[in-house]
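What follows is a group of structures, each given as structure tokens.
First chain A sits with chain B, and in the next complex the same chain sits with chain C.
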Partner chain A sequence: MSEQNATQESMHIDPYERNWIRISIILLIVFAAAVTIAGFALGFQVPSPEERVDPNNLTGPWENPGLRELSPGVYDLYIIGNATTWQFEPREVEVPVGSTVSFYVTSTDIQHGFKLQDTNINMQIVPGQVSKLTYTFDEVGTYDYICTEYCGVGHAAMFGSLTVVEK
Partner chain B sequence: MTAATTIFRRPKTTSGFWGWVTTIDHKKIGIMYGYTAFFFLIMGGLEALLLRLQLAGPEGQILSQAEYNAMFTMHGTTMVFLVVMPMSAAFMNYLLPLMIGARDVAFPRLNALSFWIFLFGGIFLYSTFLFGTTGAPEGGFLAEEASRLGSAPNGGWFGYAPNTEPQFSPGTVLDYWSIGLQIIGLASLMSSVNLITTIFNLRAKGMRLLRMPVFAWMSLVVNFLLMFSIPIIAVALFMITFDRQFGSQFFQTANGGDPILWQHLFWLFGHPEVYILILPAMGIVSEVLPVFSRKPLFGYAAVVFAGAAIGFLGFGVWAHHMFSSGISPVAQAAFGLSTMTIAIPTGIKIFNWLGTMWMGRLQFTTPMLFAIGFVAMFTIGGLSGVTHSIVPSDWQQTDTYYIVAHFHYVLFGGAIFGIFAGLYYWFPKLTGRMYSERLGKWHFWLMFLGFNLTFAPMHWLGLQGMVRRTWQYAADMNLGPWNMAVTIGAFIIAGSILIFMWNWTVSRRRGAEAGIDPWDARTLEWTIPSPPPEYNFAEIPTVTSLDDFWHRKYSEDEEGRAVRREEAGTLVADLEYRGNNPEKPIHLPSPSYFPILIGISIMLIGYGIVYNSFAWGIALLAAGVLGTATSFIGWAQEPAEEPAEEETDGEEH
Partner chain C sequence: MATREDSGKGTLTTYEVTKSDKRFIGAHILVAVIALSIGSLFGPLQAFQFSGVDLYPYLQPVFKSYYQGLTIHGVLNALVWTTFFITGFFTLTTIWGFKRGLRYPTLNRVGFWTMVVGLVMAAVPILLDEASVLYTFYPPLQANWAFYAGLTLVVVGSWIEGYGFFFTYRAWRKDNPDTRTPFIAFGGLATMAMWQFATLGIAVEILTMLLPWSLGLIEGTDPQLARTYFWFTGHPLVYFWLLPAYVSWYGMLPKQAGGKLFSDSLARLAFWLFILLSVPLGFHHQFVDPGVPAGWKYIHAVLTYSVFFPSMLTAFTVIASLERAARNRGGKGLIGWVRALPWNNGSVTAQLLAGILFMFGGIGGLTNASYNVNLVVHNTTWVPGHFHLTVATAVTLSFMGISYWLVPWITGKPLWKPRWAVIQAWTWFIGMLIFSNAMHVLGLLGAPRRTPLGVAPYVPEEWSGHLLRVGLGGAILFVSAVMFVWIVAKTAWQRERLPVGAEVEIPVAESMQDPQLTPRWLDRWVPWIVGTILLILVAYGPQLVDQIANIDLGSGQAPTIRPW
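Then we have the complex of A and B:
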């Protein structure tokens, strides 16, 4: 008799436990759906390699990094990170409010990071690879960009700033 | 070649200095692992305190930039490779044979070799503070003369190439790092083979796999993880060593090397490594909670299989460390999902631990407090870990203090709390005496308070945008107050560690006699005298069920409550008497000089490789190779029998 009880008990799932299991499964499904929708339907940007470049010999726009105006209020911004001088080039950028800026960032030597404070831009900068993200600046202010990927003794000194000014 | 065997007679002594140096007893090796790891815990802790002093206020000036980089690199490297891993090895070495009813591990001399290689690898790594040199890349405007404190590896514990390539990190400190870790990895690899063999081959009669204590199970999983993940980091370290020493181009972007390759290799090792650090603590907690809840572990099989599942899944999540490095959206989604999946077995364990305590008659001893602290803190860390699986959220957290907060909640709140639970729990077995419960509780509450004061604010600092591995922060970032709180917390932790050291030192000499089974426990190590005799079991036990010892002491009433059998007291007294008085003399393998000799020789090889451009470096290399080869031959020819029979035996070979 006791054995039978034991089998029945082991099959029994407490209502609280069953609810826990349900909630966990629903949460997992929600998470999975959120990731999938964000990745594929909403087209969230990934700082994916926009193009490959030769880190020893940066040509084209990289010869003269900085801001390029494509049309009024739409900019491409080319930035190079460097671990000999621990600087971003350029260090200071100014755009009018309401601008949409595409950041193209690469490195001449080792891995760096590029994080634009107070925005959701954060990418790893890999030599030989151009990382790209786009952001629209609707508020006037100064946005610092800093290197987030440890790059040697001058890592902490590696920063720059983007200023958004009134039109 | 027989010279080696005749030069070194097989040593006889099992006490005193030479007894420790030549020992192949798993318990002594475990104790040496423990003390060494604790020494490095103090070193890593001091490094952490320096880091926190530097960051206590904005624009700190305690450390120079070079020193700061050296300190955070050494703090991470030390805590992972020289503290938590060897501390787990200490528990596994000491307890595994006792828990499965064996007299020693499968290969006792190999076990000693693992320890000595680990020790000399650690000494090699730390000798960088004496001999290491640093530098900045050519033309770098921050090139500065580093102090001795700054003359330590400075590439981060993750050592991302190409930053660790010679032109960006000249000097020898990163050679010490890469070769030092290579040596330490060798020790882990050997010990994993040894312990897996021990678990599969040396279990007592009736100790089926699913009757093993959970700690033994978690050790098995960890050792498989080690066996499969250490070779990956070994390959990566060989590559960087070759790049640095012999001009190969694996990570030289300028010549077509791959800058991301290191990240993949490192994290393919690094993520299983995280489970290597946490699973032994999970095993310890799974032993402690049932004993002090007076109940069997809830869902034994679920805990075991969840542990194994973590082992498998742990190899499939590494890219979540590199979501911002430009891997494709499909890969990001896949690794995000696999990271969520690994939370499931972890959650199963947490609920099983809660189920174990549920309706139990809880006894809040120090090990129990640490075990409960583990469950609570690990849950927080686990949940913040799940937030990393959401890719867009992870990009924002990457390289911020939020990550630092997360992994300290799992590795300190998890692994270190689990280790302290184990240290207190098995202290009576180890020493035969009881620790001071009052001091133990002080230790726990101070550490619990200090821990949360240190690491909880890091979540907020990270979300405020405080970036990791950065020497100073500007005053206008408004990060000062919480950073000050963090620093105060770090010193409270340091204070609690001092209490632990005091408690340990005094109690092991003057504590009350513990007897063989002070906790009324469940597993085999409590059926033998405390401290265990050299032969462990006077008679190898026969096991008939999970928690065999408990069932010999307790039966159940109609409602399933445990009722202590009348004969339990006599049983324990009888076990103690018989454990101390074996019927037949027990033959144990003799000690050996060769493990420590090989350990020293391998350290010499390490120095030889670092200084291979000097003639004396080559000489060191040659000495090391010769020492290793000779010792191995001596080892192979070492007679298994007592020294008395050695001479005649030796000549026959």
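Then we have the complex of A and C:
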């Protein structure tokens, strides 16, 4: 680690530093591998394009948001965020324990957030887009879904709750 | 008199910075500090609100809401304080690095005044509550057009100042074809070059959508595409903030600590890698967006890990430089050498503490970047908890440290109460430890960001202890911020001058190895710039084409009633 008196152009990497570089690269590869395994093998999901809608004229299931039972214990749940009332519609939902629920959420006006507490459901709600994630509820209890994106003066009060009840 | 040894070559170069250039740099710092002092006022107010002390009703006559305050806090601190400080600091590193005046001083002055005009234009609607859209201004929240026009001018002004540095470089290069670019000047140029690419996203967003829309020329916006444009700029923005601090950590702090730069080549390599890798990974801010395919999110997540690499290089080189400095001063032991650093120097202490908190920030950043782990923390208070370690500490506390020699140098006056500067740095450090830790914990418990938690109906009892700690940390930070502004203001406005011949030295660290021996490929622009463009095209091109081809301006129309 002494002052070098070399006269040739070169990288001159200190041996300690060389090891540090190796460790850094290995560490970052490990992280990337962990993400890859979590995403592909364990199936942790992030939202991906679902469908485009017209926020000024929501049709189909959006005319009547709420739960749709597809088969026993399997549900689609349509939720709309709104920034004139600062409410999610519906505000309250109840499902039996063990249910698998696909959340479809959109907005009639500006952006909102949708975070279902104590779960991995966390989505940006963008007008014109439908955000979708799926979750299976194995525990009885109340799960609040709260707006996590600034959407005007009523933002802090914008939330709803999903109750998971005994079968 | 500014006489010093030119790093490496051992030749003696004399250069005196003109009064007018000093004043020009000082004007940047003045605007920056004013922005920080107003912007920072709202930080503690937010923190107190969390802990149940709501002072907003008392501000009602002037400031209408928590959110108007949060817009001011974000815009003034994250955009104005940083941009003005950075362009001022780089004016100095350019002039001092090249030992010559700016090639076109008028051009830089035009840049500066463009930024000032832009700042005023954006400030008016913000203060009138016509632009309470936060510093990310996601459409279809719609601000007054002057807000968007003002921000555009600030960015354009910063471009122009960057051109001024590039022309100065070219002039210097003509006279010095075979010399390695002096490191501090190179760091500034690299940052400004990266910034030119980075800001394309926001420029396109504002000029093609937000500005014409706010003027009523087009019916609406595509909010998803707007987010993609925004984060194209939004991620490299953090490197625009951080790299000036790195210039100081690599190129100046070792000198202040009594040592040298450990590795000139690796320092340069880190900056090139930042140019190359800063931009093409913005989707990691959009992991929870509905309109971006999961595959592209994954690709950007992996690219995000790669940009940690130059920061790891920085950690090693900076710590190694400091260790050698400390051992020269008699420091001993595996860790014990740390005590031998000049902790009685406020400028050094501020930057050392900034670096320590940045390590925690880096670890948190790895978590944020992790694609699916991100779902736990996205849009929670974890995120502001994280970036108060990075931009509000690693960057801000370093800039404060730089100010402690820069302001005396500009004004020719001694630093007012140097011991206070040391205390200021420590109070920031302690306040931020408490504040940031509480914000991280709250985020893991699910507390949303951008939310006055003191009034949110869903806040469980379990959070209250942490909310209190946010307030406590905020109070300490408030004291620290006031101290900083006070010290700087007193330094500038005191009567006392430095005695003739006792000018403040600009700390420039020599490198241990003659920079002339740094390989030539680390001093060549073309390959790196070409690489940067190619990588951006690969990582962003397909999604940009797709999202633009499917643009739907009807989906993001302004709400009929303003929601704030």
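In this text, the second predicted complex is superposed on the first by the 139 of 167 C-alpha atoms of A that agree within 3 Å, B and C clash if a C-alpha of one lies under 4 Å from a C-alpha of the other, contacts with A are read in each partner's own complex, and residues count from 1 in each chain.
Just so we're on the same page, a contact is a pair of C-beta atoms (placed from the backbone, for glycine too) under 8 Å apart; a residue touches a chain by one contact, two chains touch by 3 or more.
From a predicted model like this one, the values you see are computed outputs, not experimental measurements.
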(message) Tell me the contact category for A:Thr85 with respect to chain B and chain C: first, second, both or neither.
(response) first
(message) On the A-aligned overlay, A:Glu166 touches which partner chain: chain B = first, chain C = second, or both, or neither?
(response) neither
(request) Could you say whether A:Arg52 touches chain B, chain C, both of them, or neither, answering first, second, both or neither? (result) second
(request) Give one of first, second, both or neither to describe whether A:Val153 is in contact with chain B, with chain C, with both, or with none. (result) both
(request) On the superposed three-chain arrangement, identify whether chain B or chain C touches more chain A residues. (result) C
(request) Report for A:His12: first if it touches chain B alone, second if chain C alone, otherwise both or neither. (result) second
(request) Identify the partner contact of A:Asn122: answer first if only chain B is touched, second if only chain C is, both if each is, neither if none is. (result) both
(message) Let me test your reading of the model: by the given contact rule, A:Glu63 touches which partner, first (chain B), second (chain C), both or neither?
(response) neither
(message) Applying the document's definition of touch, where does A:Ser131 land relative to chain B and chain C: first, second, both, or neither?
(response) both
(request) Please identify the positions on chain A that touch both chain B and chain C, taking each partner from its own complex. (result) 20, 24, 28, 31-32, 34-36, 38-39, 44, 46-49, 55-56, 83-84, 109-111, 113, 115, 117-118, 120, 122-124, 126-129, 131, 146, 148-157
(message) Going by the contact rule set out above, which residues of chain B touch chain A in the complex?
(response) 65-66, 68-69, 134, 136-144, 154-156, 160, 162-163, 165, 168-169, 253-254, 259-260, 322, 324-330, 332-333, 336-337, 340, 344, 347, 351, 389-392, 395-396, 398-400, 465, 467-472
(request) Would you pull the chain A residues touching chain C in the complex into a rising list? (result) 1, 3-4, 6-14, 16-17, 20-21, 24-25, 28, 31-32, 34-36, 38-39, 44-50, 52, 54-56, 83-84, 109-111, 113, 115, 117-118, 120-132, 144, 146-157, 159
(request) In the complex, go through chain C and note every residue touching chain A. (result) 65, 67, 70, 134, 138, 140-141, 222-224, 227, 262-263, 265-266, 286-295, 297-298, 301-302, 305-306, 308-309, 312-313, 316-317, 320, 324, 366, 370-376, 378-380, 446, 448-453, 455-458, 512-513, 516-520, 550, 552, 554-557, 559, 561-564
(request) Provide the residue numbers of chain A that touch chain B in the complex, in ascending order. (result) 20, 24, 28, 31-32, 34-36, 38-40, 44, 46-49, 55-56, 83-86, 109-111, 113, 115, 117-118, 120, 122-124, 126-129, 131, 146, 148-157
